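In what comes next, chain A is part of two complexes: it sits with chain B in the first one and with chain C in the second one.
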Partner chain A sequence: MGELMTETTPASGHTAALQAAGKKAKSLPEAVFAWMLVGPAMLFIAVIVAWPLAETIRLSFMEAGLGGEEYVGLANYQELAESRRFHQTIIRTFYWMFLSVALKLVLGLIGATLLNAAIPGRGLFRVLVMPPWIIPMAIGMIGWLWLYNGYFGVLSGTMMSLGITDKPFEFLAYKNSAFYSAVVADVWVGTPMVTLFFLAAMQGVSRDLYEAAWVDGAGRWYRFRRITIPQIMPVIVSMSLLSAIFTFNSFEIIWILTEGGPRGATTTLIVDTYKTAISNFKFGEGSARAVIIVILLGLFSLIYLNVLKYVNRKYGTR
Partner chain B sequence: MATLSLNAISKSFGAAKVLHDISLAINDKEFVVFVGPSGCGKSTLLRIIAGLEEATEGSIVIGGEDVSTAPPVERGISMVFQSYALYPHLSVYENIAFPLRVQKMEKAEMDARVHRAADILQLTDKLHLKPGQLSGGQRQRVAIGRSIVRNPKVFLFDEPLSNLDAALRGDMRVELSQLHRSLDATMVYVTHDQIEAMTMADRIVVLNGGRVEQFGTPMELYHHPSTKFVASFIGQPNMNLVPAIVEGVDVTGVKVALSGGAKMVLPVDGSTVSTGDKVEVGIRPEHVRLGNSGLEISVNVLERLGGVSITYGTIAGDTRFCASLPGDAAIREGTSIILEVSPDACHVFDAAGDVLRRKSAPELVAWG
Partner chain C sequence: MMDKYTKLQMVGIYAAITVFLIFILLPFFEMFMASLRPLEHLFRSPYQFWSDDFSFQAYSDMWETVPLLGRYIFNSVFIATAVTLITMVFVVPAAYAYARLDFPFKNGSLAIFLGVNMFTGAVLLIPLYRVLRSMGLLNTYWAMIVPGVAFLIPTGIWLLRSYLEKIPRELEEAAFVDGASRMYTLRRVVLPLATPGLIVVGTAVFIGAYAQQFLFAITFNQQRELQPLPAGLFEFIGYQDVTWNQMMAAALTGILPVMLIFLFLQKYLVAGLTAGAVKE
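== the complex of A and B ==
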């Protein structure tokens, strides 16, 4: 309460000044003014976040289709809890996420290190990293569709001319190759952002630290391990979380490449949700899946925030 | 511990030459300070000694060994950076132990060395903290601790006190001098602060525009500056430079007419000047006293510091002059005073800024 009092004092002084300046200020109490400032944003959030979320939760307790709605309690959740296919989808989704994020982080780290090195033409390379992120996802994915095409694609053609296969190989036609092909495309899209954030963090590390370590005899790898990594660790952790959420919810890449196939091999939770709710018009079951996604990501974020706290304690300045 | 020789060191960054043919011989256990204004090349020279920069020409010999092309760690040096360069994510202990961990030193030996350094620097109860939790002075000590544990042949300091406040700087000057005595080490110290240079150095290197202006003891630099630059850089407040015309040269010295009309015979070697030449007479603020005949100064600003009164004024309306007078001197701003100065205390610089050699030690005598 005391804090509140001290905080409002200067504001009251300000109001007093306004009152002195003109009568208009007098007619507008501070609280009303504050509500006017946050009101539009709150309305916006209510309409595009809160209401759909509430509606999704409501629908998840319904048997809902184009024909109408019927309350079914926890039946939708019950069904998912007992469905082996759904369990597999969850496992697949986490595998997809961990694999893709790990690759993005490793490639991002390597890329940022190279781009941070004092090499000629560094500026050009920094620009060249960006296209996967800049070009519209759909266009990029159509490019990958062609690359993965067995008859016209570069990859299959190269493999044939190298003698690795003797007939055209359709990357997206087999369960395993489709899954890993989708991972590669996802990594291609996601790596530039990770690289850029790591690069920015690396550039924030004082040159003096490296020079001091060099004077003390620390080699390149030692300096990277003992200075660069700890110094950018908070960024690595936050980027992992951000990247994990993006990857978990990555929809367009999979949808354009495989639509979740073949035989569900690339169906992650988000694709499954879409297929259920939008393709099959099972709004209730789809909503239950969406709620589960929210819960899973919420738990995941909670764990991550604790990791971040630990990292900040270990690698922070205090 | 070791000697340090710089032989004809030059350094260019692209077309810009920042160091010109610098040769210095620094003795074992000597505390040498590189001093000069910003951009004079002092830090670059230190970084060349450290091996962080490569000299364009010349060689560096430490302890009799040519280390010109050796990486920093093989030069037997350690360096304290202006920013301290402490690893923010590591504890004080780990910061100090860093060079020893790089060497993969045995745990017991490392522990002993870190604790010995912490003991010398009064950091023993801070070992578990991180640099962010320390004060500026303590961080400075951690940086010094990190350089001590390696037992280097030569310690290099790059403006280590410039981030500290004035009071702490004073304390750290004393501590560094004590540290030099207790470690008995060769130390090279870079600063732009002439007070640090004067108070700590065995010998001072004055750098200007990438050249050595003078290399000597603090008292040599003070009493026998070889150039106008050194004369005006060393001493606080700065030396006054009064324009003058040579009126005659003989065996006793050079007769000059100062701006403002005063005439003096100054006991300096006049072999390089002749009658009619323009020179500048250097007079230190502390080498004048109130008198009846001499320089007439109109006082503009008076700073009463207690023990002394720093008096700023002008001679003949345009030449600025500063005098350090007794604290209770009976003077007022807006009035004129007469200052007496001993010819022996005067320095004379020719048009190129080089000094005319002084013949005798300073002693106050009457005006001629």
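== the complex of A and C ==
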């Protein structure tokens, strides 16, 4: 893009060239320049995300598989609307999301508070908290797979030596324990990022506020409740909704641990979609599920933006 | 002083941190223990926490069981690096436009970018497969790089935009008054000032690219030599027997390079986020 500014510039010294370029560039309207900057990214997204999304919507009205496509109207959606199993999957997905996000937020808040305390060794602790976030999820899940194993895993082994169970306990073999085990693994993956962002926000809170409160005799708990929490509220809100979207779409964790089993106990919407479309080659029915995910998350992000606006107005970040 | 803790409080804080770290590090510890056990021992019941036959044998055997292991580790880092560089090329100009310029459909287009955050590859896998096939990219590095870039551009724009907004406008205005063009200002004034922010966002993008390779790799690539580590690890399964101990050893060895990179960059990451990337 260098040519743009120099094409008509006479070679008359650096400053002159700059000025000439400046005049020419200023005649370039801001809007055009802005779209030159945004355009490439937009185009990339359009090809790799928007087009496949449009294709997904089209496929959702089709009976489609490896053999070919046939228009079936709303049949795929109607089937889902009448399916009790699908309703349960939606409820399960929201339960999964709320439970996991709540745990991530609570742990993240506790973790950030601990790592923010002025104690020796906190630099080291901050590093040690990060690994689950920075390693490939699939590798972390291999570790959890092993932990949850009844015969070789340390969890079941410890429970046996403590006498809680008398025979090996397979965490992923029973409906309830598999679900909560997957939640724990998901929380494990998500907590470090939440912790890091909360920690960063806490460090951004002005010390003057704490000192003023301290001089007035406010205790630690009071300062946490009345200064820290309100000050980092915008970050809490944005993290909780961002993390909600990640959790809703969390696929690899469940897929590697249980593939949605046992008997569907860990099948969330995204797992259901993948199973239908990729494992069973029902592209049309899978696409209808994908569209429903997009609609649910679209509604969710609308709420997200509104809550964010409300919080920003109330606490006035800038 | 305000920051002083009583002895009891100190004990409480350290105890709580210990519990927190046990939760975070337990799977790694378990993987390490499993990597030390000989294969026959792994399946021995009842469970034994400690035993005498621990060895590092798996760490040398694994290279023979899966000869391409070194290649997989390289691929992982290579793909993540390529994704990061390409993503930044798209993100930097766009983030600047959103931070500084006024243009039609600004908010609308930003909302579209953020909307992309709501999908994961898993939703769009079938059509994405067709797009990549029609571009002839299946079974190449690009099949794993291109979708990675697309899904990380929005996050990158979001993080970098708020960082760029923190840079004082006066410097750019001074450059303008001196007659510098918009592009010149962006390259010579804004980018140097934004370097810490670029490092933070680049690190965050790298982590995203590194952590999420599995799905695209198993779906869009059949070429064994091109697989990243998370996909390659599953090769330890499916020969005559599953060599779990070697798989654990390989997993731990494989993530080591990136852990080291992170160790150097984490200071910037925490500091950079503090500098304002989250205050939105």
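What we mean here is this: the second predicted complex is superposed on the first by the 275 of 318 C-alpha atoms of A that agree within 3 Å, B and C clash if a C-alpha of one lies under 4 Å from a C-alpha of the other, contacts with A are read in each partner's own complex, and residues count from 1 in each chain.
Everything that follows uses one rule, which is that contacts are C-beta pairs under 8 Å (C-beta built on N, C-alpha and C of every residue); 3 or more make two chains touch, one makes a residue touch a chain.
Quantities reported herein were computed from a predicted structural model and do not represent experimental measurements.
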Looking at the overlay, does A:156 come into contact with chain B only (first), chain C only (second), both, or neither?
second
Who does A:35 touch here: chain B (first), chain C (second), both, or neither?
second
Is chain A touched at more residues by chain B or by chain C?
C
Touch check for A:200: first (chain B), second (chain C), both, or neither?
second
Using the superposition on chain A described above, determine whether A:214 touches chain B (first), chain C (second), both, or neither.
both
Mind working out whether A:277 is in touch with chain B, chain C, both or neither, as first, second, both or neither?
second
For A:314, decide between first (touching chain B), second (touching chain C), both and neither.
first
Quick one: classify A:81 as touching chain B (first), chain C (second), both or neither.
neither
Answer with first, second, both or neither: which of chain B and chain C does A:252 touch in the superposed model?
second
Considering only the touch criterion stated at the top, classify A:227 as touching first (chain B), second (chain C), both, or neither.
first
Footprint intersection on chain A (chain B / chain C) at 211, 214, 317-318
Listed in rising order, chain A residues that touch chain B in their complex are 206, 208-209, 211-218, 222, 226-227, 230-231, 233, 314-318
Where on chain A does chain C make contact in their complex?
1-2, 4-5, 15, 18-26, 28, 30-31, 33-38, 40-42, 44-45, 47-49, 51-53, 55-56, 59, 107, 110-111, 114-115, 117-119, 125-140, 142-144, 146-147, 151-154, 156-157, 160-161, 168, 188, 191-192, 196-197, 199-201, 203-204, 210-211, 214, 234-235, 238, 242, 245, 249, 251-252, 270, 273-274, 277-278, 283, 286-287, 290, 293-294, 297-298, 300-301, 308, 317-318
Chain B contacts chain A in the complex at 50-52, 71-73, 77-79, 81-83, 85, 87-90, 98-99, 102-103, 130-133, 146, 150
Would you mind writing out the residues of chain C in touch with chain A in their complex?
2-3, 5, 10, 13-14, 16-17, 20-21, 23-28, 30-31, 33-34, 42-43, 45-49, 76, 90-91, 93-94, 96-98, 101-104, 106, 109, 112-120, 122-128, 130-131, 146-147, 149-151, 153-154, 157, 176, 178-184, 207, 210-215, 219, 228-231, 233, 244, 247-248, 251, 254-255, 258-259, 262-263, 266, 269-270, 273-274, 276-280
